[in-house]
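Scroll down for the structure; my scribbles are underneath it.
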Amino acid sequence: MRVELALFGAFRQFDPGARIELELVNDARVADLRLAFAGYAAAHWPGFSPGLLARSAFASEREVLRESEPIPADRRVAVLPPVSGG
Amino acid sequence: MKQPASQVAISDIGRARLDPAAAIEFVSAPGFGGVSVFVGRVRDHNHGRAVTGVSYDLFDALALQRFAEIVREVEAEFGPALRLYVDHARGRLAVGDLAVLVAAGTPHRDEAFRACRALIEAVKHRAPIWKQEHYADGDSAWSEGCSLCHPDDPAADVDRPPRPAHTHAH
Amino acid sequence: MKQPASQVAISDIGRARLDPAAAIEFVSAPGFGGVSVFVGRVRDHNHGRAVTGVSYDLFDALALQRFAEIVREVEAEFGPALRLYVDHARGRLAVGDLAVLVAAGTPHRDEAFRACRALIEAVKHRAPIWKQEHYADGDSAWSEGCSLCHPDDPAADVDRPPRPAHTHAH
Amino acid sequence: MRVELALFGAFRQFDPGARIELELVNDARVADLRLAFAGYAAAHWPGFSPGLLARSAFASEREVLRESEPIPADRRVAVLPPVSGG
């Protein structure tokens, strides 16, 4: 399945549209998305830091997802680096 | 109560400013004697570097969800006699611009202070908001912050953050 | 700093209103990221009685002295990067009117909250200000409060207050 | 000596002008003023509560006075019931 991944914060600098698409197996979980994203970033983004991804969460529009959860039905996920509001 | 006891918002800096007077008005009620307000502004320096502005990025839908969750938690702790207000700016802010505004109104002042403090701590640590600082030398950098990963989630590296969690001043 | 770092005032309710926006502006500075504000308003009830208004009496000269003393103490604890604001109303206020307004601006929010809290606690407990409540039934009463007697002064009865000191909500 | 005593808070209700004068010995201290005021209040003010006075302080325009202090040189003193600002 094709997952649309929205990029926020420090991830924005790697992609002008702040949005990438990744192909995953049909029963993929969040942990699979994390691996696929790490591979994509390593292949496409010079200067990408795996440390940032390790501290980043994946979320739907409603909640932060656990690694073991399936990809949401609408296949739209956001990757959220550590937050710094306020 | 006749009207909602809380209001949460994201204000696009290009269209609206955060308004402390509106926050105070919103959290007021005839039975409330105390209102505590916190305003966060863009500072002209950070970690020794001269700052000319800050851009705030938000994941709007989830941020509003989180604000609402946070409000419910604070209501559960300090309510039901409580009115809350949360507003965060989005976009490029100049030094002195208001970045965040929270307020709590309660019958007495102790609850107002504590509820207001709980609000701002939660908004800073748990809402999907990112700050990019622009420096006087033309450089810019996204701030390091708090991981949103579930702390008991094995795949994420939250047990080994690059610095001790929450000891940094942000 | 170019301008005074604190401002203390008494506002005659017949001539001026307490102005939270002015307080926030006053305690702001380019290096300050946090502003904590407390607003005290007249409530519509107290100890189960319907309140229609409150008259505040102040010993002006000593009150301004005390405000200045309190500001110096808070500056000593949280300064020097700190701006403070204290304003208290005098006269007859209606329900919802602002009775007291304090604010603290600092580089980071923890000091702002703590300095603001220290200000309001000291103003409430140590400044020569008296509150007369007017009730819906036409009656009125001066509130009981905190004795200003020196605690080690033998002639005064401060060791035997009618209720435990500072456990009353005022 | 003649001392002018300003009344605040709950004491105001006993005197329309919120100001009384008391005659004290020339080297009077605050404790003497307290006694003289208690006598005046008992003699002139029906319903006056000695308990309120016991919790009240005497002050100049600059500071709260201790019982052992002399009356200020300008002979102007204020009696301050327990405070309730804010």
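Chains here go by letter, A, B, C and D, matching the order in which they are written, and residues are numbered from 1 within each.
The definition used in the following text is that a residue touches a chain if its C-beta (ideal position, glycine included) is under 8 Å from a C-beta of that chain, and two chains touch if they have at least 3 such contacts.
Here the structure is a predicted model, which is why all the values come from computation and not from measurement.
In the touch network of chains, how many steps separate chain A from chain D on the shortest route?
3
Measuring from the mean C-alpha position of chain B to the mean C-alpha position of chain D, what distance in angstrom results?
That pair's centroid distance is 50 Å.
So the centre of each chain is just the mean of its C-alpha atoms; given that, what is the distance between chain C and chain D in Å?
24
Mind pulling the residue numbers of chain C that touch at least two other chains?
Counting only residues that touch two or more other chains, chain C contributes 40, 109, 120.
Which chain A residues touch at least two other chains?
Chain A, residues with two or more chain partners: 86.
Any two chains that touch count here, so list every such pair.
Pairwise, the chains that meet the contact rule are A-B, B-C, C-D.
Give every residue of chain D touching chain C within the complex, in rising order.
Result: residues 6, 8-10, 12-13, 30-31, 34, 51, 54-57, 59-64, 66-67, 78, 80-86 of chain D touch chain C.
Where on chain C is chain B touching in the complex?
Residues 20-21, 24, 28, 30-45, 95-96, 107-109, 112-113, 116-117, 120, 169.
In the complex formed with chain A, which residues of chain B make contact?
Interface residues on the chain B side: 40, 56-59, 61-62, 65, 88, 99-100, 120, 123-132, 142-150, 153-158, 161-162, 170.
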